[in-house]
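Just dropping this structure here.
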Amino acid sequence: MALGKGRLEAFSDGVIAIIITIMVLEMKAPHGDTLQDLRPLIPTFLSYLLSFAYVGVYWNNHHHTMQAVRSVNGGILWANLHLLFWMSLIPFITAWMGENHFARWPVFCYGVILAMNGLAYRILALALIKHHGENSLVAKAFGNDFKGKISIGLYPVAIALTFVNPTFSMVVYVIVAAMWLIPDRRFERLLGGDGEGE
Amino acid sequence: MALGKGRLEAFSDGVIAIIITIMVLEMKAPHGDTLQDLRPLIPTFLSYLLSFAYVGVYWNNHHHTMQAVRSVNGGILWANLHLLFWMSLIPFITAWMGENHFARWPVFCYGVILAMNGLAYRILALALIKHHGENSLVAKAFGNDFKGKISIGLYPVAIALTFVNPTFSMVVYVIVAAMWLIPDRRFERLLGGDGEGE
Amino acid sequence: MALGKGRLEAFSDGVIAIIITIMVLEMKAPHGDTLQDLRPLIPTFLSYLLSFAYVGVYWNNHHHTMQAVRSVNGGILWANLHLLFWMSLIPFITAWMGENHFARWPVFCYGVILAMNGLAYRILALALIKHHGENSLVAKAFGNDFKGKISIGLYPVAIALTFVNPTFSMVVYVIVAAMWLIPDRRFERLLGGDGEGE
Amino acid sequence: MALGKGRLEAFSDGVIAIIITIMVLEMKAPHGDTLQDLRPLIPTFLSYLLSFAYVGVYWNNHHHTMQAVRSVNGGILWANLHLLFWMSLIPFITAWMGENHFARWPVFCYGVILAMNGLAYRILALALIKHHGENSLVAKAFGNDFKGKISIGLYPVAIALTFVNPTFSMVVYVIVAAMWLIPDRRFERLLGGDGEGE
């Protein structure tokens, strides 16, 4: 009840920083020294780029959400570790997808992992709202979690689309990531009290 | 005597964040692109899941304990590094156990490493209590360290059981982890002063 | 608008710390045990040394810049992640350059990655200046970003020189790094108000 | 002149946390599942243990030193990065020494890297003393840096001893590490004002 949020933020920052960085280790330096030698790395690079965006979005949202948080409890610590667990699987699934040139099952599993991350974030949000109360800043900020709901709705579509054509699924993943990259002023507005935008 | 606890927390957060994340590097992306190609990774995944839970429990407990701590001294810094040393062996032993499908000796050694971690945590607790005094918040919080005592008692049982059947040992490891996942309100109650639960 | 800068600093510190450290993993311990066995590692070591200096310069500049920053917004978080993305490619390109003994195309691409980092830092600076206003401390500090402008001007030169001789390009990279290693008192002077130097 | 020490501490914590943890990655899980399969890892484990102690000592000393520090400047940031550079070579040299069962040249180079670390720490200390003044807390604390002087004196002895017998060198390395593990109350006494010990 009375636990500070500082270390939850610091630990999450550490884990997310490692996750976002170790993905690049999958891009092994090729033995040849020409531009053509880089070509086989293109799928790995593209999958890294997409996952970097997703992990960046999660860190960004985590940062915004925690700004509205006053304190945490044991349940929230575990909800956060649960989210970090699913995030920790992103480098693995990204590597598998990149190495297999966006084949059906890797793309399918990539969507499953993204969906589990979305779900885990939702669970963390619910734990935070329960702890702070329905009228809290956190609750209001999540009130109309429009992007979150669309995302969780789009992942099953993308996963199902792998049976039609995995490329369609990739398009959906890119759309979801792009949607999050568009600035979201919900939390900033609530916290800063300004309504006229940046 | 007058050392702040901030950097001990930050350094521990960093090391634990790395430990919990590098374990996933053992799950190498398979070369095939079907669901069947993931099957050989199942033991590695399960051992990762269990160790993630254990490292998560240690971070969680570390967080709770340090909340009650006012300052640290040289001895505490070393007791903490001693704990981090044993934690740093968890990814190694996890990989060995996963790769060998929970065979006797890996499971045996996994238990030894868990027991050494439990012991190292106990030593850290004693160093903290000695530094803060018998009537301190830290001392009271550890007063009836029920879960800690049960854990240290169960590890030898699990280790011995490897000679009967390593699966029995795994069941004990899961039980110990599950026991810690059940919320522990000792520290929260002491620090927050509320007695009616969440 | 009202976001604190603390976590942006903490997350950047984490990612940069990992980037600067994982580069050394490319230096694999040789199997032989004589000094001669270390010789093949010399190009890898030299490229590590150079990239360590560059990443160190970026961290140093990031530290100085953020000292003048009061708060951040969503756009700044993304400009920062964009910078971290290009920095995360430094270990890869460093490994490729070292393994290929500073051959043309790796040296060419190294320059491109450095230039993209320089550009990304410039974008971050513009986002910070836009957020704080033209008369802010940040804006003044970047007012005559002499070194930044020279660097961005020298990278294309170095990249073009790879078609003459990659060694010339390396000389330019070393000069740019050395230029940054010379103390820069811009921010310190502005923040500390002292004009007589150290 | 007016730079806070917070980020220098945070970045150093991050880099040192990664250095101390990635060393364990050298201990690859063996393919066999018996205790005998662990035997070939013993030299790697022992070299890890020694280097863990050394890196732990550096973090510990860094922590104590920075407690007495009020602010930092550009030169100090670079002196600190210089120290981190030499520390970053410890995992490499540790792996080389462990894999070659403490053969002459790896043991020789291990001593060189340790000596460079000792020197880099000394340079950092001088930069800190210059910045804070001869009568500062930092200067007094380093006044009779007994252990530091002995260490820097013993490294050349250990390095020379590799030509007699590398085992003698290892004994010296262990003695130096052990010397640092004995509590050092210099800084604590100065900062806490207590003279009667713990």
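By letter and in written order, the chains are A, B, C and D; residue numbering begins at 1 in each of them.
Heads up, the rule we're going with is that a contact is a pair of C-beta atoms (placed from the backbone, for glycine too) under 8 Å apart; a residue touches a chain by one contact, two chains touch by 3 or more.
Please read all numbers here as calculations on a predicted model, not as lab measurements.
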Item to check | Per Cα centroids, the chain farthest from subunit D | outcome: A
Checklist entry - Counting shared numbers against all numbers at the contact of subunit A and subunit C, is it over half, same, or under half, different? => result different
Checklist outcome for this item: Two copies, subunit C and subunit D, superposed on Cα atoms differ by a rotation in degrees, nearest 5, of 90
Checklist outcome for this item: Whole-Å distance, C-alpha centre of subunit A to that of subunit B, is 26
Next on the checklist: Can you compute the centre-to-centre distance for subunit B and subunit C, using the mean CA position of each chain? Integer Å is fine.
Outcome noted: 37
Checklist entry - When you check subunit D against every other chain, which residues touch at least two of them? => result 10, 14, 17-18, 22, 25
Checklist entry - Which subunit D residues qualify as touching subunit B in the complex? => result 9-10, 13-14, 16-18, 20-22, 24-25, 27-35, 38, 49, 52, 56, 59-60, 63-64, 66-67, 181, 183-185, 188-189, 191-194, 198
Checklist entry - Where on subunit A is subunit B touching in the complex? => result 1-4, 7-8, 10-11, 14-15, 17-19, 22, 25-26, 73-75, 77-78, 81, 84-85, 88-89, 91-92, 95-96, 99-100, 103-106, 109, 131
